[in-house]
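Order as written gives the chain letters A, B, C and D; numbering starts at 1 within each chain.
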Amino acid sequence: MNVGVVGGSGYGGAELVRLLAAHPALKLRTVAGKSAAGKRLDSVFPHLLGVDGADQRLTPATPEQLKGCDLVFLATPHEVSLDLAPALLAQGSAVVDLSGAFRLAPDVFAEWYGLPHIAPDLSPAVYGLPELFRDQIADARLVANPGCYPTAALLAMAPLAELVEPGSVVINGMSGASGAGKGLRDDLHLSHATANVAPYGAPRHRHTPEIEAIWGALVGAPDPPAVTFTPHLVPMARGELCTVVARLLDGAEAPDVSDAFVGAFAAETFVSFLGMDQWPATTHVIGGNGAHIGAAVDPRTRRVTVACASDNLVKGASGQAIQNANLMLGLPETAGLSPAGVYP
Amino acid sequence: MNVGVVGGSGYGGAELVRLLAAHPALKLRTVAGKSAAGKRLDSVFPHLLGVDGADQRLTPATPEQLKGCDLVFLATPHEVSLDLAPALLAQGSAVVDLSGAFRLAPDVFAEWYGLPHIAPDLSPAVYGLPELFRDQIADARLVANPGCYPTAALLAMAPLAELVEPGSVVINGMSGASGAGKGLRDDLHLSHATANVAPYGAPRHRHTPEIEAIWGALVGAPDPPAVTFTPHLVPMARGELCTVVARLLDGAEAPDVSDAFVGAFAAETFVSFLGMDQWPATTHVIGGNGAHIGAAVDPRTRRVTVACASDNLVKGASGQAIQNANLMLGLPETAGLSPAGVYP
Amino acid sequence: MNVGVVGGSGYGGAELVRLLAAHPALKLRTVAGKSAAGKRLDSVFPHLLGVDGADQRLTPATPEQLKGCDLVFLATPHEVSLDLAPALLAQGSAVVDLSGAFRLAPDVFAEWYGLPHIAPDLSPAVYGLPELFRDQIADARLVANPGCYPTAALLAMAPLAELVEPGSVVINGMSGASGAGKGLRDDLHLSHATANVAPYGAPRHRHTPEIEAIWGALVGAPDPPAVTFTPHLVPMARGELCTVVARLLDGAEAPDVSDAFVGAFAAETFVSFLGMDQWPATTHVIGGNGAHIGAAVDPRTRRVTVACASDNLVKGASGQAIQNANLMLGLPETAGLSPAGVYP
Amino acid sequence: MNVGVVGGSGYGGAELVRLLAAHPALKLRTVAGKSAAGKRLDSVFPHLLGVDGADQRLTPATPEQLKGCDLVFLATPHEVSLDLAPALLAQGSAVVDLSGAFRLAPDVFAEWYGLPHIAPDLSPAVYGLPELFRDQIADARLVANPGCYPTAALLAMAPLAELVEPGSVVINGMSGASGAGKGLRDDLHLSHATANVAPYGAPRHRHTPEIEAIWGALVGAPDPPAVTFTPHLVPMARGELCTVVARLLDGAEAPDVSDAFVGAFAAETFVSFLGMDQWPATTHVIGGNGAHIGAAVDPRTRRVTVACASDNLVKGASGQAIQNANLMLGLPETAGLSPAGVYP
């Protein structure tokens, strides 16, 4: 089957190209990219030198260029995705959108992104977290690929839906710099950032309402409960960790937490529960599509702490996008993907 | 005045030597260290080559070696401090102890450190966080220098004492590796750790009861309220950040938070409040005795988030120890210390 | 075809397992490892969680365990390889040895490794640098997989064989820490090493005679010319770069250098010549089996500078080992391998 | 005495401010900076928060602003230094220039910097490497502060002047990113650079002729011998290492090398010779004004290898500038400076 990638001049698009080169059933037909249109892909991204198809030139990001694709990955800013997705769907392609364009109800989108939603009937699209919404994804033509933080946070939170107070959730995110994209910024300059930890964007990071919306659905709350999410930049390129703290409901104890995580993930290829009082490390998951989870219960505070590590560009973006595409196209969910991290 | 350092073969002791070499009034008379006794200080720590006094040999860590010191810094494991402090006090030295030996009530110490306190009448000693307990420190002969995380956490929490629910505090700590000391461990191997973020020790890290004890005193609670503290290792040598989240009391709003931090720290040399919605970065404080604090209020969640960055070996250990010594010895509190970070 | 890996408790062995999991024709039958025998592979290396076959237990490293393997990879210390290789060959397995056991003439081995060679008739085995010795490798039953530095250095040097004075070569190597293995050492402690560059081992690093032997063969010198090789540790886990400087022969100019590199590597999948005055970056090659090369000629000094970047664990070890195995077993040379780096 | 700093919006200027704050005899009267003129110093560089004088505003970089300064440090691009230095000298200030404006003979400057020298009678000024040119510096009104690489390279080379073939020198430089300044560049983006080693600028880096000029003077060659210098970026903020390889003259042996280094540096506060077969590590010198040197002789190749580690912003720039200023103003050479590194 033929697929296209839009956003090939960014990290997410380049990661899609890298992963698709190893895919047994998906053929990368077109790579489009605005800022690098006309350039060879392997000159923009020399890490792709020698890779099959990386000598092709990036095309402009127009629907015409993508005709004939069975599925298109949009690794684009949300404004671009809002424009392109309806046109691509109309010309017959399925779409996995990696931006925030279709993750939220239109009114929530407008509030957090500061612009009206121009395709309100498409949003929220099916949320592309396969471990939670596998069946809906398989039936969808448009999937909203989750943000990197929400992927890690929601994998850590979902098994707790019946065990904790929904409104008690406090999330700390720690991410490598690639989550911020390729753009040049003072706070991403190596000299500033190579030995630096700093919060940013709190308490208005755009991943917050996305976590709240899905969390609300999981706990069955008509009004999604507000969560506190504080992201931090840590000095590495890839990998992220979300540490979630929540108050246990009366009667919920450590074995219930353990059972919930084992039950949720024992059969999953890409999500591993390490056990109670075991902590994940991002170094074990970078480069692969895996997520590692650990949890602990503190009887003193009656709080549970869960940490989830993943690669923000793979399970948190492009790998998960391929996992979604596999489901949408009727392929084995794991085709072309591996949970193996590139360690050390 | 003459001072001695015990623990000169560890990072904390070496940092004391580095800082004392620039001190105008304190003369480093003796450096003791168990594992490196007999060796030249600048052969154990080549970064001290050329520094005045760094050609001296480490002595055994016995009270006899430290006779005649007006003040002794104990940068030693708590078991060693428990042994040495009473003897040193008895022979007339003031003591700043950088370990956890004298920070807790004896019963709490026994519970968290797993051994009975052998000098219960000395513990808890005056808590050496000068911005909070300046006067008591000036009158003390034994000061318990705070742990690195509690320093950052309590500077972030203290101004909130009358503004938040005491039991709602959730703290995430992120620290460079030097906080774990020089000992070799798999998880501190460069190959494993250079691009890694991981929680550790939660929810039983020994800095937890120390934070709770002081927090309890600040909020005036007879039973110290339990806090949730999750430390993380981040890939850098120095620097740490604590992000504190707590629920605001009814009526408390952002301006109250701002006023509290300005009121607490405007006159301080070493603690800077950056303002509301400004976030600190560890890269600005490493190498110096400063701490930077930022805060934000989220009206959606009614929670306040405060982050405090400091250097775990300076303001979080040896620099603060000298600040305490200055107060105890009647010297200007800032003598020999600078808030300047070594940036970039 | 069935293959075995010995050394599965080390980085090289674990990397073989990761790469073999994606190989279309080689089935990993046995993973042996001394220090972790009896443990599950994915408990020793959690980055392999969820990978096919990673739930198997490491076996002892004995020939019996490896019977029936068409080929065995020895990712073992040279002493162990010296013991195992003859036995494995005798029971019918082909062998790719990743250690230094079979790379040198027995007398040179004895001089640099400090012990007599116990299988002198097997050494030097065919040198497993496919871009230089493809045909010999295809015919071999025992291949000596090159060291990581020699791989990068010799790819940078080979095209210069007729253009430079053989005895004028000065090589600077810079490597991430994984080249030093998993063992704990003071100079690999994150606190010491995270922002550190330092030479080590010079001028007696064991990769020196290996470079000299092959360089001697390439230039056709009966007595291999001595080279100066200075390795440095740089603060990263993976990736290495060798910068080679040599004096041009009279008449050799920049276009000759360019022609030589284009001629040598234009048809290669895994080695890319970036062009004159273009420099490679390790960040583009980590995680993949590629090597990137750039060169420049300085008419002022009549010297040529060539730099080659590769991943020490892939093209410099386990990836190249699989490339060799593919050749030895009659498979497509690139089977299961990609030049794509995991970027950023 | 009053001093001024021009270039206060760059790393070099900020480092001067940090160091001058601890200087017992120099008072920082004016900090000028083009891009940040009008802003508070501690808002441009928050690491200076709380430092004495850091609440002053940067002035425009004009001679008028600097009237009354006994000495002015120019941490400015060479074009700016060319303009300012003559005017400042004319109004009575001594000048330490940290740029390349006055390090070279005018014709060499024109060749390597691509513009004619507009103050040819001032250049080359006295070269501000105190361990080599202490007396001339003490008598100078204008001192050309060495580049960071030349500082490390020449400290490694100077003792070899009578022991090696002058034209055989090959230098590899490895530097943290701060040497490249604050400007934003793709190759300094954290995501690209955090685990990257790459050469750059070779073989035309502007520090090359500076090394050659001084090396020519040291060996007494009328025509300075050309050297090969290849700089590399390594993933850290501060610190640099130069590894120098040269061919020994007949008769020169390891003890001669050792004697030369001991003789050159035994009495120096800021330069430490670690001994033969000992290697320096940048981690020991960052933050301080020290340089560490190690050397080895390889009898096989008849070459000597010397490595020198220093902090590019301190001994390689601002610390050395203050060392020069101390000499020029008749103060103790070490005033306000320490060789101590901030370790770990």
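Details
Quick note on the criterion: a contact is a pair of C-beta atoms (placed from the backbone, for glycine too) under 8 Å apart; a residue touches a chain by one contact, two chains touch by 3 or more.
The model shown is predicted, which means the values in this text are computed figures rather than measured ones.
Chain pairs A-C and A-B differ in how many C-beta pairs are in contact, and the one with more is A-B.
Separating the CA-averaged centres of chain A and chain D is a span of 46 Å.
Separation between the centroids of chain A and chain B, computed from CA atoms only, is 38 Å. Within chain B, the positions touching two or more other chains are listed as 11, 176-178, 191-195, 235-238, 281, 283, 286, 344. Taken as a contact graph, with one node per protein chain and an edge wherever two chains touch, the assembly is complete, since every chain touches every other chain. Taken together, the chain C residues at the contact with chain B in this complex read 11, 176-178, 180, 182, 184-186, 188-195, 235-237.
Within the complex formed with chain C, the residues of chain A that make contact are 11, 14, 18, 21-22, 45-51, 177-178, 194-195, 237-238, 268-270, 272, 274, 281, 283-288, 290, 292, 338-344.
Chain A meets chain B in the complex at residues 170, 172, 174, 176, 187, 191-200, 202-204, 226-228, 230, 232, 234-241, 243, 245, 279-283, 286, 294, 296-298, 300-301, 303, 305, 307, 309, 344.
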